Each structure stands twice: as structure tokens, then as C-alpha cells.
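In the two complexes below, subunit A is the common chain; its partner is subunit B in one and subunit C in the other.
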Partner chain A sequence: MKAIKNGGRLTGRQVGFLLVVPGLAVFAAIILYPFADAVLMSFTDRSLLFPTSNWIWFENYVKVFKDPYFVHTLITTGLFVVLATLIPFTLGFIWAILLNQGFKGSELLRGITLVNWIIPGIAIGFLWSWIFNGQYGVLSGMLTSLGILDKGVSWMGQTQTALLCVVIARTWQMLPWYMAFLLGGLQGVSMDQIEAARIDGAGNWQVFTHVVLPEMRSIVTLVLILGTIGNLQHFDLPWTMTEGGPARATTTLSIEVYTTAFKNWDMGKAATVGTIWAILLACFSFVYLRQVNESD
Partner chain B sequence: MRMFQKTLGFRIFFWVFLILIGGFVFLPLLWMINTALKPSAETFTLTFFTGTKTLENLKNIVTDATIMGYLRNSLIVSFGSSLMATISPSSATGAASSSWACS
Partner chain C sequence: MRTTYEEASGNTVTWVGWTWADTAQQLLIRNQGSEQLDLAQVDIGIFNTVAQAGVLADWNEILGEDFLKENFTQSALDVGNVDGKQLALPWSMASITMVYNPEILAQAGWDTVPATMEEFEQCLADVAALGNGIVPYGVSTKDDTCAGDFMPWLWTFGGAIFGEDGAVTINSEAAVECVKWYQDLLAKGYIAMDTGRGEARQLFAQGKMAFYDDAVVAKGQAVSNGVAPEEVVNVCPAMPRPVMKAGDQPQSTMWGHMLVIFEKSEYKQQAADLALTLVSDEVAMDYFTNNGMPPVTKSASEQEAVKNDAYLSGFIDATATARLDETARMTNASEIKSVITEELQYALLGQKTAEQAVADMESRLNAL
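Showing the complex of A and B:
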């Protein structure tokens, strides 16, 4: 009995444990419980149409992996994640480089750029579905009056361009976020090193590839991983713009979970897709955590 | 000192992307404001800040009790969730970083 030996006082370890308990309780109640519940649900045939459900082991998983649409959903998700991460990253990086040059009004531009990121996703979805609309859309309207198109094209209504429309809207939404991170990174690059490189005869391109990029390596990796995770989770834009259509062309994992659960009422299958989705996300989170630990 | 020297190549790069990205970022924003200022009959016309302007839409929203109720709900949700995420010890970092990443 250790506690009795030191006069009934708690040891440092015990105090530490007591301090962690409330945090762990909150974590268990609001994160662990729903998560475990969803994973357990993926092994049942629970449906909102029936009051009872049965334990069916891996039947849902077999069903999901045999579903020819599921592979298509995975490909769409992958395509969306890659495009919606790399395009805003590249444009945001260029935009950060321009604003970092410190011309007149660059601070103001930096501030207004962030407005895009503050606008709610739903509003951005409606703004861009309006731009891409076939009958009264701004894009079709402008292209028609320029004589490039004979009549309006429903950009979100055809399978070839629908995903691209969502990616463009997502780019518009996330560009400021990448810009803010990368601008911070650019300002952290040592000017002494750049000056030294210049004296050695380096041009702009060499300064960029040999001094700026290596110094920004950790922030670039971080932003790309966070962007990938964010896009894997993303729901608002594809939902408000196309609801996953046309012909499932914009159905990503998040849309798939939503429609399976709340349109087809198949909670078991939705939980299965959700669990697979969570495993995918966990892989990227693992890479993220390792990166954060490395850069500390 | 600036990070990049103003060579001809950099100047071209600078202006091309200033106009392209600037247009991409700000035109939809301006179009949204432009539409907000149009009378409802002209909503679907392609005029850009040239037609008749009105503050009618704004007035309708500010005086609409239902929408103001939605605004109150949004404020409660956002302040409430930020507060809870900040004071609850373990989930604080998780909640903060996830809202940072996904919004």
C-alpha cells in the first residue's frame, strides 16, 4: 500500500491520472462512443425502415466491395482529392509569391482574398452552380455573347465536366487557405541565404528551387496533407452543386455515405462505407502526425 | 530587398498570374455583390454593375424575422461549439485542427 506509506497522499502518477480523467471522459463520450457505435453498426443490417436489426458479420463489406459503383466512387474521390488539392495549392502558392513581393495594395489584396474562405460552403455551392448553370449561367452567358458557344452548356449536367465544376468551386474556396499558410512559409525564408545565392549568381528560378523550396519543405508537406484530409472529408460543395450526380459523376465517399444512410435508409451499409472511409483517413492522419512530430 | 528580382521573365509571370488569379478570385465575389444589388426582375440578366441598383434585397433580409432567427441560431452554434472545444481538455486540439482543415 504505497498511498499509506507516504501519509495518504497521492503519488505524482495518480494525480496525473486524475487530471486526465475528465478529458478522457469527454473524448470517450463525444468521439469514441459514436465512432465505436458506427463501426459496430457496420456489422449489422440496421435499416431505418425496420425496428430490429441482425448481426451479419462481414456481409456489408462483401456487398460494398462487390458493388461495381463502389470502385467508381473510390476513383471519383481520388480524382477529386488530387485535383482539389493540387490546383488550389499551385494557384495559392503563385498568389502567395505575388503578394509576398510587397507591391502597393498587396496587403489589402491579401485581406480580401481571405473573404472567399470565410463564405459558407453552401453559399459558395450556390454561387458556382449559378455561374455554371446552362440556362441563365454567367459562364454560358459570357461565352455565348462572345460567340464561342451557340447556346448555353449545362456544365454541371454532363458527366465529363461535372466533377471539374466542383473542383473549380473548391479551388475558389480553398485558395486563400493555401495562400495564408504558404505566405507565412515564404516570410520565414531567410533573406540572407537568398542574398548569398544571388551573389553566387543564382537567378530567380534557382533561388526558388534551391533556396525557397527546400526551406519551405515542411510547410508544403503539412499543407498538402491537411488539404488532402480536408478534401477526403469534403461534403458541402458536391452536395449543393450536383448532389453527387449526374450518373454518380461527382459521388465521393462523403456523398455515398449520406445517400446510403438518408436516402436509401441502409444504415448498416452506410456505416460500412463510413468505416472504410475512416480507415483511409486514418492513413493520411498517421502521415500528418508523423510529419508534425518530425518538424517539432 | 525582395525575394525575386524584377527580371523580364518575372514581370511577365507576375502580371499574367496577377490578372488570371485575381480575376478568378475576385470576379465571382464581385458578381455575387452585383447580383445582391439587382432588383429581383433583373436577377438573371448579364449586367455587371451597370443596371439599376437597389438595396431592397438587403432590407428584406435584415427585416425578415425568420432569417434573423437563423442568424441567432448560427451564432449560438458557432460560439457554443468554439467555447466547448476550447474548455474540454482533450478534444480541444482535435476539434480546432479539424475545423481548420475541413472548412
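Showing the complex of A and C:
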């Protein structure tokens, strides 16, 4: 009616809506529909073996939450996310601080550091599997040559070390990503404030904790949230290196969904685990979006 | 082989590929997505899963029952027969048994292969004493091959996953003894964690492993590592699996590859023609020479080169008493194997006792 009142012209709100429609259509087709379909599938006994399925309400959810191994999967996922976020974040921060000193060759080093991040995850998985192999791996070979070990250790074959192996590989992969973000943040820190703090007698640690960190609070928060979301979704490295083993020691939610769907053919249960996983991701995404809005 | 068919028929064959481990998954997804698939290669382990999805055509209707019986051995046909329907055409059949490195055994003072468990353990001890980073026995302790390797040892100890009535029977004294034996081998350093078929093949090829379990295709691995086909028998010969006491029957698992045609295929006859090219004497003998895959047609398996092949004879001996993998007729074979692998790993890593692991195997299998 407003358009008619305006002599046939569209209002600003209407133009805005029309501009959003193509994006909404694409979003609905490639994100909303598959997501809604997966959520609905979680209430069925859908199997990859048969084309038909039955509505079984919350049976899959009951089955998943009653499964003692699922609790273990949640704990493993949490452990992986915490370690695979905090370790590369810390190392990436240290590396960013070093590169931020602007010494000769720092720009070249910055470029070289990014190489890890460019290599496909599968290739990194195979590379680190070879390093950690107990029989012919580089790590065992080196430690045996140095006399630290009597014989090779199957690092990925022990529950105590398997997850750590995957975390180390993930750290190697993601350190450049953290470094790039944090270096950007460091370069935005006011040098005047740092110099003022030093004149006041602040040491390196005090400058870092009282000047640098507060200035980088929003970027640090964003990087940690994005890192957490990325690790919650991560699949390549644990699958390539250990396939979730040994004895489920590296079975994260992503591995659980994959094996349930494509090894056990139980699409309904896989969709259930996937929905729970999506809810967890949504919590972190909500925090992320709120942080972005606050930053703006 | 594809070009042989294309040149002879004038038809064009397009192929889609994926990693072998993903075959069942790919076939099921593509079928549910109504993708036009005509002919596929499956192995015994996944055949029934695909067959139970109801997507396979009956070879009896395509080639005729008489033709099949005339050209293939009944035992090979039986493997691909489900409820009277011939849903798979046999391509290569043998067994998974143990292969050994004669050189390492000789160094350890063994001129003959160990025949009993007692001899086998002594032999493993002698090999371990050689040092040099040699892993005495590359039994699989990870991925899908772990449960596959565990099964014939379970049978050797007198156990089974399922009873004749289909009930889960793995929680038995025999299974507990078998798991304890695995634990003992690991504690003594005779076997290693994080070892799958791939790792075992690599270490064996490097002369760092004395025994491991494999199918006849072990020959292909040796040939690709530069061993002449006729020399393979001296490098990785097959042997009967050791038994509890002399006179017992050595255990091995049936292994084989089959060809399936899909019900939705618009080109069933052409697909069958391609399959017949693949199992023809010419192509089958080429595979046999280079990979060791034994032919299944009566004409090819009667050839002197096949009958007198020293490498193959070890596998054929094992095949005579080989049993079908206990999960091969289950639609959820992969899930069952995952449970067995996980519980065995718990026991091997000391997180569960053998008794607890076997009890959990049974309760988890019953819950599936």
C-alpha cells in the first residue's frame, strides 16, 4: 500500500527486503533445508541401507544419551577442543610477538609460517602419522638414536598419547592462522602507550598484561571463539591419523557422526549426534556473534 | 582390461573410483541417490551389506543359471548366492592366511614354519631375540582389519562370535583366553599397537616383520616392491595358521572379490559382457601372474600355470578349510567389527581385563 501511496516507488524497507531475497533463497537451499532435514532425520530410523524410514520420535536421543561411550566422546571432544585451541593460540601469540619486533627477515618468516596452514589437512595427517609411527617413524627413530628410548614407541597406539599426537598435528596446522590474526592485532596496539608504560618502569610482562592484552581483548576473544568452533567441527586429522582409536581415545563428535552414518549406516542416529553437535556449535556461534556486535 | 572390452565391443566404459575402504558406503549412497551404476567390484566382507539393500540384479537372469554352473565352480558361486538369487559373480576366491619371511625365520633358527601355538610362540621369541627393530608378528591392532585378524585366532581357541542359531556367543572362555593371548604377545613385544594391514605390508616389505596375515594379493605388494613374480614364493610364502595341538584344523578366513550388477542399470547385458571379459582366461591369467589373484572360472583354474603355482598352493591349501568371516552375512558387519576392535584395544591397552572386554563385546553386540 505504501508503494502505491509513493506513486509506485518502493520504500527503502521493500528495496532492502528484495536485495536480501536472493541471499535468503541460497541460504534456505544450501543451509536451512539440509539442516532442517537432518534435524527431522534424527527423529527417524533412517538407514543408508533402505530407502524408507519410520518416525521414532526421541528414540535415537534416548539411545545416544544412554550410551556410556557417548559421554566419553563428549569428554574427548572437549579435551581436544581445549588443547587444540589453547596450545596453538599460545604458541601463535608468542610467534606473533616475535615477528612483530620487525627484525631483519621477519616478513619472510611470516610468509614461510603460513605454509603449514595452506597444506591440506589430509596431507598433514599422513605426514604426522609417519612422524609418530612406532616402527618406522621419525620421532621414535630420533629418540632411539639419542638413547632416550630403547625401542620405538607406538605414540598413536596408546590411549595416553594418541590424542596428544592429533593435538600436536593440529597445532602445527593452525599455528599460522592464530599468528596471522594476533599479529594483525599487535600491529594495532599503540606504541605510544607501550613507551609510556616503559617510561613508568613497566617490564615486558607488565607491558604485555597491562597494555597489550587489554588493547587486544576483542581480537583475542574472537580468535579463541573461532578456534573453538573450528576445532569442534574438525574431522580431517583425527580421522587420517587414528580413525578415532585406539579404544575410542580420539573419537570426537565429528568422527562419531561419520562412523555412525557411513560405517554403521545408521543415518537417524548420526543425525541425532549431529544435532547435538550443532547445538553445541550454536552456543559458541552465539557468543561469537555477540562479541562481533559488541566490537562494532 | 577395460580397453580389451572397449575394443571388442565398441562400447565405451566410464568408471568412477574411490578408496577401497569406502566401497560399500559409495555404492549405497550412489544407489540411494539414483545414480546410474552398472557394474561394481565388491569383496566378500561388504557384499552382503550391498545385497541386503536390495539393489543388485540376479546373474541367473542375465547370464543364465546353466551358463554360470558350466563355467564357475559351485563353491565360488555359493559365496555370491543369497536366498537362491545369484547376486554376485565370483571374480577371485582364496583365503586370508599367514605369510612369513623365510629369511628372518632362518636367522632365528627356524627352517620350517611353526605348526602349533607352542612352536609359534617359541618362534616369535626367537625372532624377537634377533632385535634389529623386527616386529615378530604384524597382526592387525587397528582399523577394520583388526577384527578380521582376530576372528581366525578366536576360532583357533575354539570360540566364535555367533552361535549356529545366530545368537551372540563371544562371551566364552575361549574368547577370554584368546584376548589374554593377544595381551601376552603385546606385553612380550611380539605384536605392536597402531598396526593395520598397510603398516604390516610396509614393514614386511622392508624385512622388519616375520609374520602377518594377508590374502593372495600380498604378491602384488611384493611385485610392486621390485620382486619378480616367480620369486615371490621365496619372499612371502603362505603358511597354515598354527593350531592348538597337532592334528587340529588350521583356521583361515575366506577372501574374495566379486562382480555385481545393479538392478537399476539400463545396460545389464553390456555390464555382463564387461564382467565376462574381466573373468576371461586372458585377463584373469594376467591378474594371476602379477597380483596372485586366483581365477575362478573352471577353464582358467585348470591351467597348468595355476595348478602348479608354488605361491598360490599355500593359499589354496588354506582355502580348503577357510571359513566365511562371521560378519560377512550381516548387514551391519562394519559396526560389529568396530565393537570387537574397540574392546580388543581396551584389553590390549590395559583399560579392561580380558574378561571385561569380552563381556562388553557381547553386551554391545546384543544391543545392536
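By definition in this document, the second predicted complex is superposed on the first by the 284 of 296 C-alpha atoms of A that agree within 3 Å, B and C clash if a C-alpha of one lies under 4 Å from a C-alpha of the other, contacts with A are read in each partner's own complex, and residues count from 1 in each chain.
Following the convention adopted for this analysis, a contact is a pair of C-beta atoms (placed from the backbone, for glycine too) under 8 Å apart; a residue touches a chain by one contact, two chains touch by 3 or more.
As the structure is a computational prediction, the values presented were derived from the model and not from experiment.
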- Message: Do subunit B and subunit C fit side by side on subunit A in the superposed arrangement, or is it a clash?
- Response: fit
- On subunit A, which partner's contacts cover more residues, subunit B's or subunit C's? B
- Does the superposition put A:Thr159 against subunit B (first), subunit C (second), both, or neither? second
- Message: Let me test your reading of the model: by the given contact rule, A:Tyr136 touches which partner, first (subunit B), second (subunit C), both or neither?
- Response: both
- Between subunit B (first) and subunit C (second), which, if any, makes contact with A:Thr52: first, second, both or neither? neither
- When the two structures are overlaid on chain A, which partner does A:Leu226 contact: first (subunit B), second (subunit C), both, or neither? first
- Message: Quick one: is A:Asn116 in contact with subunit B, with subunit C, with both, or with neither? Answer first, second, both or neither.
- Response: first
- Just subunit B (first), just subunit C (second), both, or neither: which does A:Asn293 touch? neither
- Query: With both complexes placed on chain A, how many Å separate the closest C-alpha atoms of subunit B and subunit C?
  - Reply: 9
- Message: Going by the contact definition given at the top, which residues of subunit A touch subunit B in one complex and subunit C in the other?
- Response: 136
- Contacting residues of subunit C [partner subunit A, same complex]: 22, 25, 28-29, 32, 49, 52-54, 133, 135, 141-143, 189, 192-195, 199, 202-203, 206, 208, 331-332, 334-335, 338, 341-342, 345-346, 348-349, 351
- Query: Which of the residues in subunit A come into contact with subunit B in the complex?
  - Reply: 20, 22-24, 26-27, 30-31, 91, 94-95, 97-98, 100-102, 109, 112-113, 115-117, 121, 127-128, 130-131, 136, 138, 141-142, 145, 172, 175-176, 186, 189, 191, 194-195, 198, 203-204, 207-208, 212, 226-227, 229-230, 233-234
- Spell out the residues on subunit A that touch subunit C in their complex, using ranges where they run on. 48-51, 133-136, 151-152, 154-159, 242-243, 245-248, 259, 262-266
- Query: Can you name the residues of subunit B that touch subunit A in the complex?
  - Reply: 1-5, 7, 9-10, 14, 17-18, 21-22, 24-26, 28-29, 31-32, 35, 44, 46, 88-91, 94, 100-103
